[in-house]
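Labels for the chains are A, B, C and D, by order of writing; each one numbers its residues from 1.
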C-alpha cells in the first residue's frame, strides 16, 4: 500500500529527490545469510551511472552506495538493508524558469495538481535519479535468485531495430547503448548524436530476458507474475508500454501460430516456441521470461514548447542543461533491476505458500 | 499482498472456479451512502455474458448477481460488499483429456508445477469466467467515480484495425464486437466467423478511454496510476501487452513529436495533444486516460498441438467444446471494469493523502 | 490494507451482517494439497454456535458452512477458499428503538459518526455474528499448522478465577463455559444465570495456549508474532485487553523473577519458566505461546441506560431480546481461531523468507 | 506486509541496528504542505534520549536527526520523508559472551533460531535503540493530527502505582520518570535506584491518553482502531500487555457498571464515563482514546542466569554494561509516538473512504 514501496515479501522502499542531500532504498524481507557488500552492489550502479559517454546526461555522480544496516560479518541478517547514495553534482543552477512554468511531458503540472506545490529542482522526486535506488535494491534481489540469469539490452532506438541475426550478448557491454548488435550500435551513434546536437531526443525499446526461472513462480489472480512485471516496468520513468513475450504481435497471430508446443525433456518439458514469454496464467512455465519495454523520448528538449505557468498564463519553455538525449539507454540497468526484484519476490512468495 | 485481492483503499477479492457452484467478489473500502442494487450491477455482467452471439462461447450463463452484504436500504454502508454469481451451465463433460495432458497456451502446466495438482474442469481458477467477478466489482467502482466516463472498445481483430475516421461511439453497442467502426465490424464478422468455423482463433486489441479524470490522481513512485493500470490490464486472462497513450509508438517519436503542449483553459489547462495518455509521473493530468490492451488469440483450438501429459510423456491435444474464437471481444467489459477499479481506488487514495 | 482482511500470506476477508442473507469468509494463500471439507470445518462452528445452553443467546443458527471454491477432489488447490454461512434465524423484530437511539457500549454511535448511517438490525456488521466467519477461516488455518495444538478456555468470569491446581483440559468440553476447572464451572453457572435472569451481563477472561510452535516464527519489527496476536485478539468483539505470557503481571516482577532460564535439551532447549509466553523479540522461542484476552460484559442489558437519539436528543434505551449474558464464553472458539490464523500466517511468512 | 513497515496510508519503515553506523525511518504517505524541520522533530527524540539521568542507560547518544528527503522550502512535499540518526556511542566492547551464549529474556535465541545467525552487538536489530526511529516518525505523524493532544506517562513502576488524586500533567516533565504524581516520583526514585545498584531491574505500566480525536476514526473489522493500537504497542520492545480503556478491569464489571451513558452535548454527545477508552466497534467515539501498556523488567541483569550457548551446551550469563534499570520509563515517548502514528494513519484512512 505504501506508494513508495514495491514488492510483497521482498519489498523495497525508496526515498530522495534529485537535488536533496541523498537518495536511498530500504530493502526488507531479504533472506538471511546471503553474502552482501557495498562493493557487490556498486557495479550495477556504475552501469546506470550518468556521464559516462556523450550519449547520456553530463551530470557527474559517483553514485557510491553506502550499506547502513542489515548486514553483519558480510552476510545479510534478514533485517532491513538500508542503502544510501549521496547526491554530489547538484549543480547550482537557476531554476526560476522551471519553478514558474510547467515542462510538458514532465510531471511538473501533475505534481502541482496533486500536492499543491513541488520541489522543482531537477524534477525533485520525479527525477530519473530515483532509479539509482532501484538499481541498488535490484542488486540485493539478484542474490536471492542465483539460479536466474538476467539479460537486458536496447532493441530499438528512434525506430531503428536490431537485427536478431546479429544478436551477440557479448556485444552489449562494448558500446554505450547496451546494444547486442554491433552494426545497430554504429547506426544508433549517429541517431543519438544527431538528437543530442539538435537539443532533441529519441525513444527506445528495451528487452529483458530472465533465464533459469523455474516453473511455478507467480500467483493468480491479482499477483500474477506478468502483472507484477507490467507494474514494475510501467512504473519506470518515461515508460509507456510493456509487453510479455510476443506482446502486441500476439494479437495478430492465430491460435495455431501463437501455440507454444511442449515435448518431453529431461528435467523439464521442452517448449518449441516461447510466444508466451515464459508465463501462463500468471505463473512461470520454466521458459525464459521475456519482457519488452517502450521508453518515450526524453521530454527535456531545447525546442520551445507551448505551456502555462503556475498562474495559468500562457508561457513557453525550453529545457536547457544536462539531460539524456535517449533516456531509454540508461533504462536498461533499471529494467534488469525491476526484473530481479519481481522474480526474487515471487520466489519467496512461492516458497511461502507452496513450501 | 493477498494474491487474489486487487487495490489499495478500494479493494476487491475474487474467488471461484469455472465449474464450482459459484464465483464471486468481495469489495472492501467502498465509501458509504452510494445507491447500489443487484439490478444496477447486472447490465455490466450482461455485456460480458457469454452465449449472446455465435462469435463468443456457447456456454449459457445467466450470470445473475446476488448482493449478499454491504448494502442497507439501497445504499452502501461502507462495509464489505459480497457479490455472488452462481455457475449454471457446467456441462457434464469428459475432462479426461485435459486432466491428463497439458493444453499449450493454457495455465495447465504452470498450475501443476506450482500447486502439484489442479482443478482441470474448464480451466478451474484460471478460467476467464473469473472475470465476471471483476466486472461485478467494477460496477461498484463506477459508483465511486461518477465524474468519470469510461469507454472501451475493440480497435483491432486479427490484425484488422479500425479506421479512426469512422469512429462512432454509438456504434459500439450495435455489433457483437464492441466495434466503434461499422465497416470494420462487417469485416470482423468474416474474420471471426472463419476462425470459429476452422476451430481456430484470432487475437484482438482493446482500447479504453476514461474521460473526466481530474488532474492529481495517482501516486509516485510505486503506486503510479499507469503502473497500477498496467498491472490491472496485464492480469486479465490472455493479455500480453499494455500501452498508456501512444505506448510503443512513442518510442519512435522525437521529443518534439511526443510533446503535449499546454494552453490556458477555463478550469483546467488545455492540452493540444495527448501522447501521454493522460498520465505524467504516474499522476493524472486531467486529460483522458487512454489504455491499449493486447489479447492473444484464444489458446483453445481444434488443431492438435504437440504437448506432454502429467507423466511427462509426449501427447497431442485438441480442445473440443465451447470456447470464444476471439477472447478479446468479451475482454472489453473487463478492461472497463479494471479501469473503473483502478481509478476509484486512486480517487480515494488521493483524498486520503491530500484531502 | 483492506480493512476487512486479516493476515499477510495466509489472509482471510470476511463479509456479512447479522441480519443479511448470509455471511462468509474468503481465505487466500492457503497451501495446496491439504485435505479440506465442509464437514471438517463444521465442528469449530458448532463450538461457537449460539443457542446451545441457557448461558448463551437463544438465537438459533445452524451455522452450516458451505465450501464454494478452492477445493478439488477433497484437497485445497492453493486458490481462494470461499466459505458461506447462511443466516437463518433473523427474527422479525421491531428495530425502531435501536434505529433511533444509540445503545451505549455498542458501535451504534461510532458507525453513524463514521458512515453517516448504519444497518441497525442486530448490530449489522458490528454484530458478533461476524466471528462465525473467523471461526470457519480458523478451521482452514489449523490445517496449515498440524504441528501445533491450540487450547483455549475461560479462566475467569465475573471476577471469579479458576484454580490452576484444578486445571483439567478434559473438563473444558464438559461444561457450557469452556472451563477447565469443574468447581469453577459450578460457581459460574450461578454467576452467569444470575446475570441472565437480571437482564445483566458479566465479563470474562479467556486464555489460549498454542503448543508445538517451533522457534523462529514471527518477524521483527512491525510483524512481530505478539503484535499480530494482539491485533488479532483486540479486534474480537468486546475485547478490551490482551496479554502475552505474564502480561501486566510481568510489570510487577524484577528482572530475576521474570527470567526464563534455558537448559540444554534434546531437540530444543528446555526453558525452566515461560513468563514470556513463548515469544521474545517478536519471534517464537519454541515454548508454548500463551495469550490472555479480556472480554467486557455484554453491553446489551435490560437496565435502561441514558443515551441520545440520532437527532442528538436525550433518550433512554434498554436492550430487549436475545443476547449472551457473558459474551466471553463464546469468545473461546474465536480466540482459538485467531491464534490459528496468526500462527499459520507466520509459518508461511517464515518459510517464505528463511526457507 | 513489509515486516519492518507499520501503517496503512501513513506508513513508516525503520532500519538499523544498535551498533551499525546509523538507524532511520522512512515515512511515506504524509500529506503535503505541513511545516517540518529537523528542529521540530528533535525535542521528541530528546525526550527518549538515553543518558539523561542515572535511571536510564548511560549510553551517550545525541540522537540528532537528519532530514534527508520529502521536505522542500520547509514543508512536506507528499513524498517519502527519510529520517536518519547516526549511532555515535557504540562503545568498543567485548561481545564474546553474548556472541556465544543466549541472554534469557532477550531475542538472542529467537533470532538465531529464525535467521541462523545474528548481529549480537548490543542486541543488533532487536535493540530498543530502534525505537528512536519510531519516535522520529511519530513527530511527523503529530503534524497530521493537530486536533489531537497526546499525553503519555508512567502510571506504575515495580508495582507502585500513582494516586489518581495526585495526578498533575505538569509534573510529568519535572521528574526523570514521566510521572504525573510528584509523591510517586519520589518513591520511584528509591525503587529504580535500588534496582540499578543491585544490577536488577523493574517493570512499569505506561498510560497514554489522546484527546481531541473526533468520532469516526477506525475501521471495522480487521483495521479496528483498538486492534491497530494493540499491535502498535505490543510491538514495542519489552511490552507484554495492552489495555484499551478499562482493559482487564472491564472483565470484572457488570454490563451496568461498564456502560458509558451518553447525554446531549453541544457539538458532540457528552459521555458520563469512558470505560471503553474512546473506542467502540473499532471506531473512535469522540472520547479520549486511552491505552495502557505493560513493560516487563529489563532482561539485562547482573545476576547470573542459567542458559545455553550456540552449541546447545549449558552456560551462565550475566549482562554487564550499560542498560536501563526500568525500560518502561523511556518507553513513554515511544508509546506516544505509536499513538500518534496510528491516529494519523486512521485520520487519512477515514478521509479516504468517507471523504
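What to note about this one:
To be clear about the criterion, a residue touches a chain if its C-beta (ideal position, glycine included) is under 8 Å from a C-beta of that chain, and two chains touch if they have at least 3 such contacts.
The shown structure was predicted, so the numbers you read here are calculated from the model rather than taken from an experiment.
Chain pairs B-D and A-B differ in how many C-beta pairs are in contact, and the one with more is A-B. When chain centres are defined as mean Cα coordinates, B lies farthest from chain D. Per-chain Cα centroids separate chain C from chain D by 26 Å.
Per-chain CA centroids place chain B at a distance of 39 Å from chain C.
Between the CA-based centres of chain B and chain D the separation comes to 46 Å, rounded to the whole angstrom. One finds 26 Å separating the Cα centroids of chain A and chain B. Residue numbers of chain C whose C-beta contacts span two or more other chains: 1-5, 8-9, 14, 29, 32, 78-79, 114-116, 125, 220, 349, 354.
Chain contact summary for the complex, chain B toward chain D: residues 1, 9, 29-32, 78-79, 220, 348-349, 351-355. Those residues of chain B that touch chain C in the complex are listed here as 1-5, 7-9, 11, 13-17, 20-24, 26, 28-29, 32-33, 66, 68-70, 72-73, 75, 77-82, 114-119, 124-125. The residues of chain C lying in touch with chain D in their complex are 1-6, 8, 14, 102, 104-107, 109-111, 113-116, 125-126, 130, 156, 158-159, 195, 200-205, 214-224, 226-235, 237, 240-248, 250-265, 269, 272, 275-277, 279-286, 294-301, 303, 305-308, 312-314, 328, 349-350, 354.
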